[in-house]
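In what comes next, subunit A is part of two complexes: it sits with subunit B in the first one and with subunit C in the second one.
Moving on, here comes the complex of A and B:
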């Protein structure tokens, strides 16, 4: 492992340098007590001691609403694509959210790359921040191999040690960033690297009762052995608010709509959710997944079946716990995997 | 990207949400975790709230009618047209010939300014909001300090409740933030007792479901009171009014009421037993209780049950009155009603009237005015601010014709509503995301809504439009902004005394209380109200199914309540979710139990002919065991235009009610 040390007193300077050439998106407190990842206007704004952000990074790579192109029909069709070419550094990102990016990359950078997503993704640098203890009661990344420390998927991974941030390098981009700021960094000592591994083991022990039985559910789902009654019961609890999908770091459904104003138009992409009744509904009124139970089954299959894990490189739940926070009822990932395991939803 | 903390503009829960703004455009919405109602959750409507803001359907310029067409005009032209139109009616027919409608979609400041405009500037007592037709009635209580229909408790009390009595409410559909707490509470043992005709998801998961016949709600609650008072001898605690209450329900044993309510005596006793033994019960009701002409009395009876208390300590049980719209509570508080002044001050209270006259520097129209449903046929001119009158009032076509026949109609709104399409002047208003102000949620929580972006085109805040018109009519308002209006509200309305203009939306604002409750350090002492004997009797003699009309049809306000609503049906991506009825059940969704579907040989999705003593119509069938055998259900907002339902009058408050009506069902022609 290549690692450096960034002394605490030099962190602000490091961040200030990042801000000179990129939009730095970091956890920051909004209003009183809520935390969002968002562009910071000064290094002091970064909330290093936060729990988890209300939302993952998704909004910055796949906005809830984005303009794809503008067109006009005056004197023949004219089309002009919009592309976000901002350089971004995602700083202080929780490991679960970093892992989520990998799954999104498989979706949007796979066989048919999405230029909108990829244009942003290729211009981003990801600096993960490890969790020295479970940040929230609802966290279950330990069940998903997505935290509290990572071994891959980041450009740099920072761990807060008494003497400063241990900066692990995970990619060429991460290494280049370190090189460019070598004057602020020192080589990491062996005992500092050892401390990181000790802290990782200790952190894992702080995760509470909130378990998600992903592996068991995965086996049953992939073999089509889930009792259909479980989906019926989950459907009775789900209120179709869409919250779990909007908050999920790896949910990627969208819809495209054209908005016309005279002869001028805009094509926009908006977040949508496969759980919504009308998501798959066809113009004829036919709906291939007419019942909520069908839609729930499809969503969980997409999230945690072997079939999809193979395509994505891993199963798609990263244990960030946001579906637990955001669920309007009791049909989030841990509730459903528990239901699958026991054959009945509580 | 900036996150602006504000409040969801849809249901009465008032969840705190953030609007994401980039380059002056609202590009998203997400929940606040620190907000005491939202706690990190939003329902589908909240998640898409941003889509109504920058929406191609928005009104952006004033419109003035020229013949058959509405044409764009400047604000000056539109205002002159308004002043001339209203002035003419004032001159020829007097102020009584003008009706004014306020809105539960608008802020407290907008509604307060409108009341001042109606009772002060125009001198008309005809001010109301049509939404109260399809929502829980608010009924005065003895002592006037409190009104039934106002929540005594708060939503967070569900978090440590051990029992919830869910009366006529389907919070999953209507009030998801309340539903969420119940679903989550079940995980730690919260018991659910549901009293509702429809077997909605929470009724299905409930520990006890009392499937009450439509119209039987009052007698069912009376039988609960009977068991609690007569059989458990609970009135001996010197609660004022309890003896009268006991006498009033002496004959309401569950054995007697079973025939009318359709609920067995055994189930009633079990429910009463659970209630009595519960240490931390919460009572929740919604518009689902407003199905019958006796719903005013039913609401009072429920509040009385709450006052008697439960558990060993007989602690007064908190009540949540789930109002259907984000600011319906505030709209009522501001005096948007024909029979009270702002803050529920009585029209007969000279001191209160003087307070307002002094502040507004004019005489007040003191009379009791016409209600929203009386206005269209009885006035000559109307001023409608964000009120969906054609959706609320039974028989929307007749309402629209009456509006069309007015000498003068002004509508100010954010979208082209049906009423706006027949108006003489249409004024474009700012949406929730484009103005500062306050909203009061169903727990009386006064919260800030905040300006995240500028209004589109020339749209303006409602209060500003009204103030401008009033100035043009020679009665200027001194307000410079919503904060100033709010300060006047808290000066003049004793219930808002001590509520300062909340600085933020995220902190959940401040809950108002009556002066009595404030003095008592918390909950108001509410007097139990004995259900009137006539109401109990009338509830037993409601219309029944017969051989000729073997099913009882009820208009259910809890069934897909948001479908077709003006704002959600304008959300770009999820409009489909909220227009399913229009697409799949264009004539009306008739929910039938599988047994009945078999009995009358009808199939799901197919049109059927429905006949009642009043007329006949066509509807599409949905076969579902949510409807109990013998009962057919149709969403309330579709039922208003069927023309086959009996319209009767709520004994408390006089609002028109689509009463349960016997029908027969047969093949469509």
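Moving on, here comes the complex of A and C:
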């Protein structure tokens, strides 16, 4: 599976072909500067020069609210499930978000696959877009082995070179897509592949304002050696808004609720947030995590402990920096990992 | 891809009130093929749907031996259980499962078996008590210690009487708060441990009850010399999916639904969120 070159002037044609057989989800400029991933209606809509998208990709695979079952209680109970079977191409996705998908895959796949997530995921093609420099000052993928270039997890990885996009192939699906469009592609030259590695090294040097000491925090969390004061201090700041969990590419907790209209009903699932007071509260009123500090500890343990990294194949922070942007209380991943390391929140 | 969220339809065969706020519902899956395939072990649970009210996890409270129905004993305490208590015989519900792991059985063969239950913590222990008693020749002895807040809170009253009378089993009861008409023991369930002879090195204890009861009984048992592997409990947590996806039941690095609900005391101690 060799790398190819896609000349700049042929990119729109490539995207147009993708759009013929699939929904193409790509970065789009929604407001002046706000970029969101969303379905594009023409190749010109793709914002190739964006920094990061305001939200990760997860809502396309795990919608904020989705119907799991439809049921009818009229004349004998009937229950049906439905799955989304759209073909999708995720195009121009930042490496952190591609890595986040990998974590979600581990959570929603496994020995009991989640049919709603997996039916979408199996029909998805992922084309990553590398970062030639840190897109935002809040980016810290370099601390998380999640960018600015990837070595795995994508179907194709595109890097913008002066003469076009270098197309790296990461899977059979990515290779099949290249083969189907071979007339638009040329084999990549060795010096173009060398340029990709040079650009990756240079890109890494542009990160650094926000560091996240994942490894050190992971060791302390995993051994249960975090000073409890750190959680108390983080809890004083956190307002339990749940923003970090909704913006996180790997936060995937959900809750389930039934809604009825006469004898017809639906069972829906909604994103949930482990920081919410009621998250673990039982019907009896007993709450195993009554304090916000308990909930913060549980969240960070799930994100970056060695125990969960082992279960998910890697730790769950990808350094996208969205929690840094979204947290109004400075209780985001880099702040907390530094707090864990120092034994005090600064 | 099979859908683990899709419930099977079951009908309520029997409704038996246990106490003022608990009821045992006997369920049978409607589809004969599904009914036959529904094999479970003591300790496992199901996700029960009362469509429109929602879904919640309940331990299966009867042995599966020789019957194609199963019991769920339920306290009326929230939206789903309120709606369930409104239903009568013939009512249709949804069932997913059996889910979770189960109590060790073959592994504890030859041992003295001690059950310590508090309140509705007897629900998940009952299938194991029934199975162990049925095959009592395979175990050295069977002891059931059961306590509830008041005499009105004791569940399975008929069966408790049988257990107290039948050969091959010791069953002692207690209530936290005595009242007129109660002539039995008064005190928390841990106090019953002093009233029975237990060959601790060859015994295994199955414990279930409210969190505070579990904590004190585990302390008592450890004090008596029970090893961490010889104390087995079953935990409950708020759950949505029952299959390790929604994460509500997570304790440290474990899902109660998928890694449990049955854990040894050693496993519980290894959970980073566990409080002694």
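As a working rule, the second predicted complex is superposed on the first by the 345 of 346 C-alpha atoms of A that agree within 3 Å, B and C clash if a C-alpha of one lies under 4 Å from a C-alpha of the other, contacts with A are read in each partner's own complex, and residues count from 1 in each chain.
Rule of thumb we're sticking to: a residue touches a chain if its C-beta (ideal position, glycine included) is under 8 Å from a C-beta of that chain, and two chains touch if they have at least 3 such contacts.
Bear in mind that the values here come from a model prediction, so they are computed numbers and not experimental data.
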Given the superposition on subunit A, are subunit B and subunit C in a clash or a fit? fit
Just subunit B (first), just subunit C (second), both, or neither: which does A:220 touch? neither
Touch test for A:260: subunit B only (first), subunit C only (second), both, or neither? both
Check whether A:272 is in contact with subunit B, with subunit C, with both or with neither, and answer first, second, both or neither. both
Angle at subunit A, subunit B to subunit C, CA centres, as a multiple of 10°? 80
Of the two partner chains, subunit B (first) and subunit C (second), which one does A:107 touch, if any: first, second, both, or neither? second
Tell me the contact category for A:120 with respect to subunit B and subunit C: first, second, both or neither. neither
Tell me which partner A:281 touches in the superposition: subunit B (first), subunit C (second), both or neither. both
Looking at A:332 after the superposition, I want to know if it touches subunit B, subunit C, both of them or none. Which is it: first, second, both, neither? neither
Per the contact definition in the header, classify A:314: touching subunit B only (first), subunit C only (second), both, or neither. neither
Where subunit B and subunit C come nearest after superposition, their Cα distance in Å: 12
Same subunit A residues contacting subunit B and subunit C, which ones? 255, 257, 260, 272, 281
Would you mind writing out the residues of subunit B in touch with subunit A in their complex? 1-3, 5, 18, 20, 27-34, 39-44, 47, 50-51, 56, 172, 176-177, 179-180, 183-184, 186-187, 201, 204-205, 504, 506-507, 572-574, 576-577, 580, 583-584
Contact footprint of subunit B on subunit A as seen in their complex: 30-34, 36, 38-39, 54-55, 59, 63-66, 236-237, 239-243, 246, 255, 257, 259-261, 268, 270-272, 276-278, 281, 285, 325-330, 346
List the residues on subunit C that touch subunit A in their complex, please. 1-7, 9, 49, 51-56, 75, 77-81, 92, 94, 210-211, 236-238, 240-241, 243-253, 258, 272-273
Note which residues of subunit A are touching subunit C in the complex, please. 68-69, 71, 73, 76-77, 79, 81, 83, 107-108, 110, 112-116, 118-119, 221, 224, 252-258, 260, 265, 267, 269, 272, 274, 279-284, 286, 288-289, 294, 297-298, 301-302, 305, 307-308, 311
